[in-house]
Amino acid sequence: MNTATLLISCPDRKGLSAAIANFLYTYNANIVHVDQHQDNSENLFLMRVEWDLTDFTLDMEAFTPAFQPIADRFQMQWSVALSAERPKMAIFVSKYDHCLVDLLYRHKSGELHCDIPLIISNHEDCRALAEFYGIAYHVIPVGKDNKAEAEAAQKALLEAHGIDLIVLARYMQVLSHQFTAAYPQRVINIHHSFLPAFDGAKPYHRAFARGVKLIGATSHYVTEVLDDGPIIEQDVIRISHRDDVEELIRKGRDLEKMVLARAVKWHLEHRVLVYSNKTVIFA
Amino acid sequence: MNTATLLISCPDRKGLSAAIANFLYTYNANIVHVDQHQDNSENLFLMRVEWDLTDFTLDMEAFTPAFQPIADRFQMQWSVALSAERPKMAIFVSKYDHCLVDLLYRHKSGELHCDIPLIISNHEDCRALAEFYGIAYHVIPVGKDNKAEAEAAQKALLEAHGIDLIVLARYMQVLSHQFTAAYPQRVINIHHSFLPAFDGAKPYHRAFARGVKLIGATSHYVTEVLDDGPIIEQDVIRISHRDDVEELIRKGRDLEKMVLARAVKWHLEHRVLVYSNKTVIFA
Amino acid sequence: MNTATLLISCPDRKGLSAAIANFLYTYNANIVHVDQHQDNSENLFLMRVEWDLTDFTLDMEAFTPAFQPIADRFQMQWSVALSAERPKMAIFVSKYDHCLVDLLYRHKSGELHCDIPLIISNHEDCRALAEFYGIAYHVIPVGKDNKAEAEAAQKALLEAHGIDLIVLARYMQVLSHQFTAAYPQRVINIHHSFLPAFDGAKPYHRAFARGVKLIGATSHYVTEVLDDGPIIEQDVIRISHRDDVEELIRKGRDLEKMVLARAVKWHLEHRVLVYSNKTVIFA
Amino acid sequence: MNTATLLISCPDRKGLSAAIANFLYTYNANIVHVDQHQDNSENLFLMRVEWDLTDFTLDMEAFTPAFQPIADRFQMQWSVALSAERPKMAIFVSKYDHCLVDLLYRHKSGELHCDIPLIISNHEDCRALAEFYGIAYHVIPVGKDNKAEAEAAQKALLEAHGIDLIVLARYMQVLSHQFTAAYPQRVINIHHSFLPAFDGAKPYHRAFARGVKLIGATSHYVTEVLDDGPIIEQDVIRISHRDDVEELIRKGRDLEKMVLARAVKWHLEHRVLVYSNKTVIFA
């Protein structure tokens, strides 16, 4: 189905639903999905509308001038996305390849609505995998002394390919503030703990030492504060005293790839709205 | 908050959202919750709208004549409920009291938006509990030969109290077709298995014999086909070889009460829409 | 069944299993449950053995002198408990009564193998509930200035009743170090977060602010460091953006009572072994 | 670590634990894992013991003559497996490749302790994947008229490679009774439902039609009764009214691969004991 998806965030006011519904009905939209949320503590209205474009009488190139007056009236932050335009996603990876394997397979099987023009890594390890899936693999080594140059090279690649979304699939380098600031809400990371527990390094070792009964994984947008960005998805799995650290790492791999895949899918389907450093998931 | 909730089910057509939104806006509704769903396989539109009545300019006694033209135009099945009108719920119970204990505590702590004028049982066992919570307790014994008389007595009590919802909290008698037909989508049962597995008698014994790794519970509306009505909620819990049948029964109790409580809560909050022998939960 | 349960913790060495098995076989024990665990990182051997006493030829009063030589040889920390001796449990509660309701019902229905001679509270609120279950209810108010006196009064009651286990069922006062030191691994608390996330005050509010996708509850032994004792059990439940803080609190109640009940049950059945500030659960 | 694992099933009798522990201690075994279970309803004793062979003084080639007297005394069904001997696993697949992708990646990353000499399929589709992992791929088409010949060809390959375990990774052909009888408890299947619900064909379509709130997957040993063999592992995932059949299939893929992978791993680590058409998992 050829659809458009509108995401809206604005102060909650009467008449919002009617204004949006009327606008869409005026142009004969066939709505296929509506979800809205009121955050009363912040008096916010958040909405996702998706409609079939088959009978839609407004040319999507004319959408912005047509819709902007309504957006202005209600002080909306808004965006519209077309299913016909596939987002471009870059994957960053280091040596652990389980998330990469998972994302590439899901992409090939049609679960992820995007193109993947390239994979960037600081190691050679995943090249054969990338080639199996026919995706360009760029190695940019990162050391103590060349971080700025490395990031410049990464950015050049991202810009050359018009990348919309960067997925850190267990990429083991911390990105600079300048880098993440250049891609607000467009860098998704997977952290191997149930944040905010065990943020930072070696979460599985610390979970083992603390004796928790569940381990978790968290996918979030990257902001300039490490492991503190808006959480998109989390999940946990039960462990027991029989599980040593290696087993936690093994069990955690399954969690990490599932949680990251869900977060990426929702982002690509325009189901995520961010406000107050948290997310609404219209899934 | 003093609200009204509208539940709508009708063939999907363009203009539905706009018609409803405009109607509500006309009378200055402050919408607090909207959820809608399109079932494409049946071309059905299903919706729940809840709005604050504070500024609403239409007297709710005049709601039906005002809304009916829209309902007719779109061939809607619809109902409206007011938060100010608390539904009246009767609980049927036999000897197992865990679901009853749970429902009464939730009711007392404000989780269940209803009044409970009476409890009906075929045994004396739960009388002290009912009295602790100050609820009338009626014992109507049921045997092979007096089922029709027993049901007549039950119906008389239900009618006398204007009961809207009957909850079978492990009530161990099968109701007649005439009885259930008199309360369509108004009798909620809890079955101690993951339906459709192990419908009928002794599900925990059969789960043990089959060697399943999870046991479940299912809450559903009662129809004339045993354990076949629309499912409102289900959940499961992991078991192991260490669990004998008694332990399954014990673990199952926790499942049963949680699953039943969620189903009852959703029904009372007008979050359940039934179609094609299944449910949409607007939660 | 009339059983004895032996819990053992010692350095791992060859011959341990054989020594224990032979000892039990010598006296004709009919073993009903064995579970053992090796923590390789600490070279520890941990074991739980339960046997039927019907045919056991050693008088349990003579157990210690008979077993001590083996215990000495392997440097065991050990304890033995008889199913015929029901532990005595005290419950501390403040105003939130959901965990208390749950524990008392489980106790009455036979799930918790213990006696409950008394409930201690700093408020009157739960008295009627205690009386319904026929349990003595003592109110000891706690303020800024009388904490020491209050704890002295609590201790006097605990000692007068020979209490083995103290359960803090949402008791909202922090116990002094002297108090908790007097009951090592004998005070169980329920914390309303997935520790170590959101330790301390107002965890649901902080979970809401952080935008986590799951909330949790943790039951742990109380040590002198707040919310840092050995974790016995944890669980989580999924939440969504539709859940405000009040809804988190409501959903959390179900988690809290389930998690606390499991922890208490395992403790009472001698299934918990503590080492290195964590627990092994032989369940 | 170089270990041996003993699996025992026999009538429960006093002295069993002592006899086994003494036998192992006689030869200086360093036990690393013991788990045992008594099924009281069938008076069965089931046990798994794993020990480090480093200091073990009995040559494993002499294990059977040394242990058989004990086995005879207690009427044991038993087997012993060496970690040094990697089982040989064949995978059968049709067109759906998600379970195959998952198993091959897990194998490569060291999670599955086995060799995979070959993959057998009735279609060409997965050949490139097999080649990427360097595993021989044999296509044996199966139609209405050549089933016997196809199975004969399959058996010839399995025998030529000394296959110990056959995994049906969404293999869409029903095996004949003769075939499955030749590999008792050595053929593992994944069924895409929570058995016994929705056994047979099209379980996702039937789950959708019935309106269940969770979908499941079940891994089991194949017996001559379709979908009725001993269950090794099961799991479920929550669905909602927003999920159409295609989405159930997509969500189910994640379940299927996780559940199958766990079952295969446990089998390969000799953690599964079968009795009375069900399993004990010593995990």
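In order of appearance the chains are A, B, C and D, and numbering begins at 1 in each one.
Going forward, a contact is a pair of C-beta atoms (placed from the backbone, for glycine too) under 8 Å apart; a residue touches a chain by one contact, two chains touch by 3 or more.
Keep in mind it's a predicted model, so treat the numbers as computed, not measured.
Trainee: Identify the chain pair with more contacting C-beta pairs: A-C or A-B.
Mentor: Counting C-beta pairs in contact, A-C comes out ahead.
Trainee: Which chain's C-alpha centroid is most distant from that of chain A?
Mentor: C
Trainee: Between chain A and chain C, what is the gap in Å from one C-alpha centre to the other?
Mentor: Their C-alpha centroids are separated by 41 Å.
Trainee: If you average the CA atoms of chain A and of chain B, how many Å lie between those two points?
Mentor: Using C-alpha averages as centres, the distance is 37 Å.
Trainee: Enumerate the residues of chain A that touch no fewer than two other chains.
Mentor: 40, 242
Trainee: Spell out the residues on chain B that touch chain D in their complex, using ranges where they run on.
Mentor: Touch residues, chain B against chain D: 37, 39-41, 194-198, 210-214, 216, 230-231, 233-236, 240-242, 244, 276-281.
Trainee: Taking the touch rule as given, give the residues of chain D at its contact with chain C in the complex, in rising order.
Mentor: 14-18, 20-22, 24-25, 28-36, 38, 40, 55
Trainee: In their shared complex, at which residues does chain C touch chain B?
Mentor: Within the complex, chain C contacts chain B at residues 98, 101, 105, 109, 111, 128, 132, 242, 250, 254, 258, 283.
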